[in-house]
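By written order: A, B, C and D. Residues from 1 in each chain.
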Amino acid sequence: VIAKQLTVGFAQVGAESAWRTAETDSIKNEAAKRNVNLKFSDAQGKQENQIKAVRGFIAQGVDAIIIAPVVETGWEPVLREAKRSKIPVVLVDRGIKVSDDSLYATLIASDFVSEGRMAAEWLAKKVNGKANIVELQGTPGAAPAIDRKKGFEEGIKEHPEMKIIASQSGDFRRSGGKEVMEALLKKYGNEVTAVYAHNDDMALGAIQALEEAGKKPGTDVVVVSVDGVKGAFEAMVNSKLNCTVECNPLLGPLAFDAVEKAKQGEKLPKKTIVPDKTYDQSGAKDVIASRQY
Amino acid sequence: MLLPSTMNDPLAKLKSLFQGGSLLWPVVGLTLLFGFNAVFSPSFFHLEVRDGHLYGTLVDILNQGSKVMLLAIGMTLIIATGGVDLSVGSLMAIAGAVAALMVTKISFAAAVALSLGLATVAGVCNGILIGYGGIQPIIATLILMVAGRGLAMLLTGGQIITFEHPAFVFIGNGHFLGLPFTVTIVLFVLCFTLLATRKTAIGLFLESVGDNEKAARFCGINASLVKVMVYAYSGLCAGVAGLIATSNIKAADSSRVGEFMELDAIFAVVVGGTPLTGGRFSLVGSVIGALLIQTLTVTMYNLGVEPSVAPVPKAIVIVAVCLMQSGRFRTHMLSFFGKRRVAT
Amino acid sequence: MSASVLRAQNVVKAFQGVKALDGAGLDLREAEIHALMGENGAGKSTLIKVLTGVHKPDAGGIEMAGRAISPGSTREAEAAGISTVYQEVNLIPTLSIADNILLGRQPRTFGLLRKKALKKRAEAALARLGLKLDVGQTVGSCSMAVQQMVAIARALDIQAKVLILDEPTSSLDEREVEFLFGIMRKLRDEGMAILFVTHFLDQVYAVSDRITVLRNGKLVGEYLAADLPRLKLIGAMLGREFEEMEHLKEETAHSAPARKVFLETVNLSKRGLMNPVSLSIAEGEVLGLAGLLGSGRTEIAKMLFGIAVPDKGEIRIQGKQATIKSARQAVQHGLAFCSEDRKSEGLIPHLSVRENLILAMQASRGPLRLLPRKEQDRLAEHYIRALNIKTPNAEALIQNLSGGNQQKVLLARWLSMQPKLIILDEPTRGIDVGAKAEIEKLVHSLRAQGMSVLFISSDMEEIVRTCQRVAVLRDRKKIGELSGADIQVNRIMNVIAQHDE
Amino acid sequence: MYEGFFSGRVVGNLFGDNASLGIAAVGMTLVILSGGIDLSVGSVLAFSTVFIATLVQQKGVNPMIAIGLALMVGTALGAFMGFLINRYDLPPFLVTLGGMFLARGMGFVISKESLGIENPLYNKLTDFLVPLGGKASLSVPALIFLAIFLVGILVTHYTPYGRNVYALGGSEPSARLMGVPIGTTKVAVYAISGFCSALAGAVMTIFTGSGNPTLGVGFELDVIASVVIGGTLLTGGVGSQLGTLAGVLIFGTINTALTFDGRLNSYWLRIAIGGLLLAFILFQRFLTRTSALAR
C-alpha cells in the first residue's frame, strides 16, 4: 500500500529566540525528510493565536497536530475539539495542565524544574555550597521562568549558605540581562559571587555587564544558565560562562516518531522527557563544532 | 488698561511658572524619585571613577535611557504634528540587523550610513502614507511595526548576530569625556534638534500643523511635506537608537530589540508636557520623561521589587506624576489644605 | 416698568491676573430686547459666560428673578431658563445639523432616539428661521452663515425665559437678519427677555429697547435706545469722540483710473460648487463680491486660493495663465486669503499672537529662513498698535483674545504679507466700529500702494464704502456688475431682486 | 489551497475566535469616539481571567458570580480612570497606561501562574454550540460577541448618550457650552470600556478554560487597530460600531487567513500581515476618496 502523504499542523509560539528558531527548524527539516506536508503557524507569542491556529488545523482536517504550547493552561476546550475530530495531538517542549490526559497523545519535553535543579546542583558543587547569587528571571509568568526558578530554589535549599541576594527579570533578552546585571552590580558590588540566568541570552548579557564592571566572569563570578545555545558554548570556551544546562530544541525526530506511531494507533507513553545535560567549560570545545543553533 | 500689572512681580512669575510650566513637573517627579532612592538605596548616588570614566547607577540611567531618549526626541516632533509613530521599535531592529550584518562586509561608515539610511527611508514611507495618503498615523505606522519586525528577522534568519567590530562596539559601550558615548550621541541629537526646530521656523511649522492643520495649510505651509520630514526624522532617531541597542550588547537581537519601546517613548513625550493632540512641544521635557522611566525601572531593580508585581508601583508613579502636572489637581489640593488650615 | 429677570452687579473676573471684567453689570428685564455694547475686548462675551455658568466670577452677584443664582455650568444655566448662542459658533462640526440643534433634548421612546421625529423637529426649528436645509449633513461642511443659523435655531428650540445672542448676525445677510429680528420681536412680545450683542449700530437701533455699554470691563451705563444718539453711543463705547467713515467713499469714487489687470478668471467653475464665472481685478482696485447667503462668494475665494480646485476655466495672473492647486501655490503667486471661518481656518489656538501674526509671512519665506525675532516683535507691536488689538502682550495665546481681537490678528497676518492681491472674506466679522474704520483705512492705503483687494462682506454698507467695482452673485452665478457711482445699497439689492423674476 | 477556509465552520470560528477582540473593540470604539484612548484593555482582560480562575478554582465560587464580580471590578477600574481623566483633566494616554500597569501587576499578585478552570458549568459553556445549519455553528463567545455588538450599536447610535459621546469627541469645548454632561459621559465611556475588557476576559476564560496573568500583552494595539481600520478617527467624533465590526473581522481574517496558509515562516508571516493591512487600508482610502468625489 502506498501510504498517503501525512499533513501535520505545527502550532509554534513564535520566533522570539534562537532556541525557538532551532526548534522550528528541527521540526521543519524532519517533516521534509519524512515527506510530511507541514502546516506551520507562528502565534507571535500569543496563546489566543495559537488556539486559533489549532482550531484552523482542525477545520482543515489535518492528520495530526504538534503544539509547542505557549502556556500550560487553557488548552482543554480546543483539545477536546481535536479529540472529537480524532486528530492526535503531540505536545513538544513543555507540558500542559489538563484534567483528562487522553486529550493529547504524548508530550515530548524537557523538564524545566529539573533544569533549574541541575543548574543549582552544578553551582553548589562549583562554589562548595557557598554563594551570593543574582538570579536573572525570564519573562514574568512564563512557564520556563517559573519552573527554572522553582527548580533552582529547590536545588539550593540544602545549602544554607547559598543565597539568592537579588532576583530580577531580564525578560529572556540579552539586553535585559545586561541592564539588570549592571544595575545590581552597582547595588551589591563585590558581594555577588554567582549569577544564575534562566536562559543563555541573559547570561551572555550579564557577562558583558560583569566585564564592564571590571570583573572576570567565569572566575570572579560564577555564571550558570540554561538552554545551551551556540553562543553559550563560545562563552564557555572563552571561560566566561561556567556552565549551561542544555534544553534540547531538536525535537523534530522524536515528535514525528510520535506522530507516526499515534497514526498507526500505537499506544504512546504520556510523557517522554528529553534528558537534559549539563555542559561546562571542560566539554564545551568538543560540542561547539556540532552546535547548529 | 488690561496690562498685566503682575508681570514684574517675581512672586507672580514664580506662580505663573507653577501654573503653566510644562518642564517643572516632570523635573519635580524625577527629583522626588531621586529623593526616594536616596533614602531607600544608598548606592544610588554613588559615583566613582573607574578606568578613567564615571561609574555608577546614575551613569547607567543615562546610558540605558539613551535609547528611549532618542526615540522620544523623534517622537516629540511627530506628536507635535498630531501624529504618533508605533514603528520605532521595529526600525531599531532593522537598523541593528543591517549594521551587524554589514559591518564585517563593508566599511564601518558605510554600514552605519546604510542602516541609518534604511531607517530614514522607512520613516519616509510612513510619512508619505500619512502626509500624502491621508492614512491615520496609528495605522500607517502599525503596518511598519509588524512588517518591519518581520523584515529584520528575515535579515538575520531569526538568529542573534554577534560581532566584535571595535568601532561599532564603541557606539554603545565606549566612553567620551568620562561619560558613556551614548550620552554624547543623545546630547548631540538633542542640541541639533533643538537648534533645527528653534533657530529655524520648523518648530513653528510643526506646532501650527499639529494645532490646526487646515489653518496652517491656508497660511501656505506644506503640511504633507512637514509630516514626511518628521516621520523621516523619527526613523533616523530610531535607527540611531537601534545602533546603540545593538552595539550595547554586541549583538543584533532582531526579534526582541526595541519591543514595546514605542510605548515608553510616547509616555516620555506625554509626561514631558507635549499633549498627544499636537501643538506645543518640549524636547527637553521628553528627554526628562525618558529619564523618568529609566529611573523608575532602575528603582524597581534596586528595591528588589518582585518583577511580576513591579507594574503596580510603576502605575502609581505614572498616575502621581500625571496628577502633579494637573493644574486642577494642585488647586484642589491647595484648597483642601487651605480649608484645613482655616479649620484648625 | 417691567420686572427684572436677570441681573448682574459689580462682576469681576480676571484671567491670570488680567481683569476682563472689573465692575460690570447688567439689568435684563422681562419683555425687552437689550443690546450689550462695547468695543472689542470690552468684556461682553466674558460677562455672558459669567451669566451662563461658563466662568465663575471672582466677585459680584447674579440674580435671576430676584433670587441669587450661581450656575456652575451651561447645563445649570439652561435648566434655570437661560438659552445662549455664544460668539464663536459652538457646534459639533462632526455631528449632523439635526443632532446639533437637538443635542440633549432629542425626542425619545424608552430612552432610544426617534430619528424621524428628530429630523422633523430640526427641520421645523430651521423653518422658523426661513431655512430649508438637509438636516442630515454635518455641520462642519456648512458655511459660516448656516452654522450661525443652526446655533440660533438650537437656542430658539430651548424653552427659555432668557435668550442671549452673542453676535448672532456677524455673518448673516440682511434678509436673514430681518428674519431673526422678526422672531426676536415676536418672542419679546411673548414676554421673553433677550440680550443681544452686535457691532452693527443700525441693528441695535432696529431692534433694541435698551442698551448697556461696557468699556474695559466696567459698566459705563444703561440707556433707553430711543434716548441715545448714535454718536453718543459710540462715544460711550470708545470713551472718546469718533469721526464717521463717510468721507472714505468720496476718496474711493475719485481714485479709479484704468489700471493694469492683475488677476482675471475665465469661466472658472467647479461642478456642484460654482457656475462659470469671469472676473477681473486690476492692480490697486477693490473688487467687492455682493450676494446673499450661499450665493457662492466664499467659493470664488476658495477657488482662487487653490483650496477648492476648479475643474473648468482658468485663472490668469498678470496676463499669464496660473495653476493654483494649493494654498501654497496661491501664496507664491502673491495671493492672500483671510477666511470667514476664523476658528477652523484661521486660528492656531495654542500659539501666541506674535506667532499667529507672522505665520503666513514665515511660510512664504520657507522653513529655514526664520524671520529674526526682533523683526517678529516689531511686526507684532506695530499691528497691535495699528489695529488696536487688545492683548496683554504679543506672547499671549491667541485663543485667550476676544473674538474681534482674534479677527484683527488674522487680518494683520495677511496685511503684513504685503500681497499683490488680498482676498478678504467677511474681514470685519465681529469687529467694533472703531477698528472697522481703521481696517477700512488700512485697506485704502494698501490699495493706494497698488495692492488689489477682493472684498467679500454681508454688510452692504461696507461694500459700498470700500469697493470700486462690485460683482453681484446669486445662486452661484455672477448676475451683474456695478461700478463707480452705481455702487449703492439699493442698486445692489435691485440687481439681486431683478434676477428673481 | 485554502480548502475549508470559507466553510461555514470557519465563518463561525471567525466570530468565536475574535470574540474577545470584538467585545473589547465595542468599548474602545466609544472611548475613541469620545476623543480618548484606553491602553488598559489587554491588562484588564488578563486580570479578569486570573481573577475568575482563582475565584472559581481556588475559592470554589460559582462561575457566574465570579464573572459578575470580575465585570464589576473591570467597570470600577474603568470608572476610576475616567474619574481621574475628567476630574483632573489628565491625558487619557497616561492614565490608562497607569491602569494598564496596575491591572497587569494585580493579575500577577493574584496568581503568578496560569490557572486551569475545571468546572462542569465551564465545560458546558465551552462546548455549547448553536447550530446554524451545515457544519456552521456559533459558540458561546461568538454569541456574547454578537450580543455585545448589538447593544453597542444601540447605545452608540440610538441613545442620547451615544450622541453625547460623539459630541464630546467632535469638540469638547463646544460640547461643554452646549450643555453636554461632560463628566458623566467621560466617566461612563471608560467604565464601559472597562466592562467590555473584563467581559472580553471572561470570554477568554470560556475560550481557553483558564486564567493567565500574561495574556493580552499588546492586545490594546490590536483593539485600537481594529477600531481604526473600521474607519473611526482617532481624533474622535467620527466612526461607527458597524465599522468596528468590519475592522475586527478584517483584522481577524488577515490573521486567520495567513495562519491557515501554513506555509509562511515566522518572518514572512509578519511581512505578509503588514502587506495585507497596507493593501486593505489603501483600498479603503481609495473607496472613500471616490465616494467623496461622487458626492
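In the analysis below, a residue touches a chain if its C-beta (ideal position, glycine included) is under 8 Å from a C-beta of that chain, and two chains touch if they have at least 3 such contacts.
Given the structure is predicted, the values throughout are model-derived calculations rather than measurements.
**Q** Among all the other chains, which ones are in touch with both subunit B and subunit C?
**A** For subunit B paired with subunit C, the chains in contact with each are D, in label order.
**Q** Spell out the chains that contact subunit A while also contacting subunit B.
**A** Looking at subunit B and subunit A together, the chains touching each of them are D.
**Q** Decide which interface, C-D or B-D, involves more C-beta pairs in contact, and give its chain pair.
**A** B-D
**Q** Let me spell it out: compute each chain's centre from its C-alpha atoms, then which one is farthest from subunit C's centre?
**A** Farthest by centroid: A.
**Q** Distance-wise, how many Å sit between the C-alpha centres of subunit A and subunit C, to the nearest whole number?
**A** Subunit A and subunit C have C-alpha centres separated by 71 Å.
**Q** Just the number, please: Cα centre separation of subunit B and subunit D in whole Å.
**A** So the centre of subunit B lies 29 Å away from the centre of subunit D.
**Q** Determine the centre-to-centre distance between subunit C and subunit D, using the mean Cα coordinates as centres, and give it in whole Å.
**A** Subunit C and subunit D have C-alpha centres separated by 45 Å.
**Q** Would you kindly tell me how far, in whole Å, the mean C-alpha position of subunit D lies from that of subunit A?
**A** The separation of the two C-alpha centroids amounts to 32 Å.
**Q** If you look at subunit B, which of its residues touch at least two other chains?
**A** 153, 158, 308
**Q** Note the residues in subunit D that touch 2 or more other chains, in rising order.
**A** Residues 108, 112, 213, 218, 266-267, 269-270 of subunit D touch two or more partner chains.
**Q** Could you check subunit A for residues that touch two or more other chains and list them?
**A** 14-15, 24, 140-141
**Q** All pairs of touching chains, please: list them by chain label.
**A** Result of the pairwise touch check is A-B, A-D, B-C, B-D, C-D.
**Q** Can you list the subunit B residues touching subunit D in their complex?
**A** 82, 86, 129, 133-140, 142-151, 153-154, 158, 260, 263, 266-267, 270-271, 275-277, 308-316, 318-319, 321-323, 325-329, 332
**Q** Where on subunit C is subunit B touching in the complex?
**A** Contacts found on subunit C: 16-20, 41, 216-217, 305, 307, 326-328, 330-332, 337, 339, 344-351, 355, 359-360, 362-371, 390, 392-393, 413.
**Q** In their shared complex, at which residues does subunit B touch subunit C?
**A** Residue list for subunit B touching subunit C: 1-7, 12, 16, 19, 199-202, 204-205, 207-208, 211-212, 214-222, 279-280.
**Q** Which of the residues in subunit D end up touching subunit A in this complex?
**A** So the residues of subunit D touching subunit A come out as 3-4, 7, 9-10, 13, 17, 20, 108, 112-116, 118, 123, 126-127, 204, 206-215, 217-218, 255-256, 259-260, 262-267, 269-270.
**Q** For the complex, give me every residue of subunit A touching subunit D.
**A** Its residues touching subunit D are 9, 12, 14-15, 24, 38-42, 44-49, 51-53, 55-56, 59-61, 71-78, 80, 97-99, 139-143, 146.
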